[in-house]
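Look at the two complexes coming up: subunit A is in both, with subunit B in one and subunit C in the other.
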Partner chain A sequence: MVSLLIVSHSAQLAAGVREFASQVAGDTVQILDAGGTDDGSLGTSINRIQQGLEQIASPDGTLVLVDLGSAVLSVEMAIEALGDVNRIYISDAPLVEGAYLAALEASAEATLEETAAAALQARAMVKVRR
Partner chain B sequence: MRITVEHVIKFVEGVAARIKEHRDELVQLDSPIGDSDHGVNMDRGFTTVLDKLPTVADKDIGTILKTVGMTLVSTVGGASGPLYGTAFIRAGMALTDRYELTPAEVVVALEAALEGIQARGKAQRGEKTMIDAIGPGVDVLKEAQANGEEFMSAMRRSVAAVEEGMKSTIPMLATKGRASYLGQRSIGHQDPGATSSFYIAQVMLETVEGIHE
Partner chain C sequence: MIETVLTITNAVGLHARPAALFYKKTREFTSKITIQNLSRPDTKELPVSPFNLLQLGVAQGHEVRLRADGADEQAAIDALAQMVHDKFGEE
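== the complex of A and B ==
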């Protein structure tokens, strides 16, 4: 099963998105949050991200969802530090909607590619119809 | 000119002090076009670096710089952590096992640092980032080296180019980083990352001038 890591500059936001995505995925998909810096202030922590990736490492791969672009730099450094063990993709999807769709897809035993593609569909999600 | 471990330590300590001194200014620069945390993040990072320095003070220059980089990566929360962290790590990798440096080796390390930042940030010049300050400075040093110019004078011209590069970010439209979300409104503000890069370059020049005297 593909696992998901939620990365945000805010620890609370990451935890909230994890809670939200876990609700649709049930217990089947491993979802972890890695938000905030080591001392809990706003920012991202390569240590936290690396630990999160290690905890939910899956032979089927991991999809990482991020809030803003600078989080990508931290995730890339964490992936480099881990080396090539399992496949890890960074999603370019909006965080909340992307995590929701990815959790749904992953829970249906989708591949990493399918999960990543599902997350990206969040970009086209229409919430208000006029 | 011999650049030793002590000079490198002095440089890093000097950067930490300079960043602390300009902490509020960096926050203010970051507030209209970023998230107002550049000064705080950099100060937090370099304060931790100061704590770590004694543990590597007897090591080679490569190890010292890599330690600085790793510390920045794990303690600076914003994008500047991975960017400056990568810069110091790449510079350190270029200087593995060296306890003394020639000016030529300093240029090689700075080039490696710049390449590291460009690769990590996937940024080019003209996008209103620290690269717009550091890039011209490295250009001057490489060109001076090719022309056989004396290192001190090359360093002075290089830091002047960094300062000019920093100021050149004011009219630029940001296309990378948090400022890019502001689009046109990013124009008219000096980039905080380019500014901290200038302060680091300034301390580098002062450190080299200290050796010369």
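== the complex of A and C ==
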């Protein structure tokens, strides 16, 4: 099963998105959050991201969802530090919608490619119809 | 190709956990499976996917038409109808 890591500049935001995605996916998908800096302020922590990636490492791969582009560099550095044997993709999807779709897709035993594609569809999501 | 019309009776409709279970079930079959929300005429018949389920906005009380086309179409429709009937084990 593909795992999901939720990365945000805010620890609470990341935890909230993780809770949301976990309720969609049930217990089957490993989902963790890595938000905020090491001292809990706004930002990202390579350490926390790396620990998160280690905890949910899966032979099927991990999809990382981020809130803002500046989190991507931290994720890339964490992946590099891990030198991981498992595949890790960083999604360019909006965080909440992408996490929802990725959780649904991953829970259906989809591949990392399928999960990443499902998350990216969040960009085209229409919420308000007038 | 076979089809069936079902009324969604579980509380949250085809969202979140029920949507995940529904989608997962469709992937167990090789038949092409589509869904249309008959209670929302502005929506079209679409293949079952997480994105499409969200866009169809199927809520409690809505009628959906499922179509399956393929070798295991009958088994697919039966299994999906059963899930809807059982309210996804929600209540």
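Note that the second predicted complex is superposed on the first by the 129 of 130 C-alpha atoms of A that agree within 3 Å, B and C clash if a C-alpha of one lies under 4 Å from a C-alpha of the other, contacts with A are read in each partner's own complex, and residues count from 1 in each chain.
As a working rule, a residue touches a chain if its C-beta (ideal position, glycine included) is under 8 Å from a C-beta of that chain, and two chains touch if they have at least 3 such contacts.
This one's a predicted model, so the numbers in the text were calculated from it and none came from an experiment.
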item	value
Which superposed partner A:60 touches (first subunit B, second subunit C, both, neither)	neither
Partner chain(s) touched by A:121 [first = subunit B, second = subunit C, both, neither]	second
Contacts of A:129 with subunit B and subunit C, given as first, second, both or neither	second
Which superposed partner A:38 touches (first subunit B, second subunit C, both, neither)	first
First (subunit B), second (subunit C), both or neither touched by A:70	first
First, second, both or neither for A:23, with subunit B first and subunit C second	second
Which superposed partner A:109 touches (first subunit B, second subunit C, both, neither)	second
Touched partner set for A:92, first subunit B, second subunit C, both or neither	neither
Overlap of subunit C and subunit B interfaces on subunit A (superposed complexes)	none
Residues on subunit C engaged by subunit A in the complex (per definition of touch)	16-17, 19-20, 23-24, 27, 42, 49-51, 53-55
Complex contacts: residues of subunit B adjacent to subunit A	35, 37, 41, 73-79, 81-83, 85-86, 120-121, 177-178
Residues of subunit A defined as touching subunit C within the complex	23-26, 100-101, 103-105, 107-110, 118, 121-122, 124-126, 129
Complex contacts: residues of subunit A adjacent to subunit B	9, 36-38, 41-47, 68-70, 73-74, 76-77
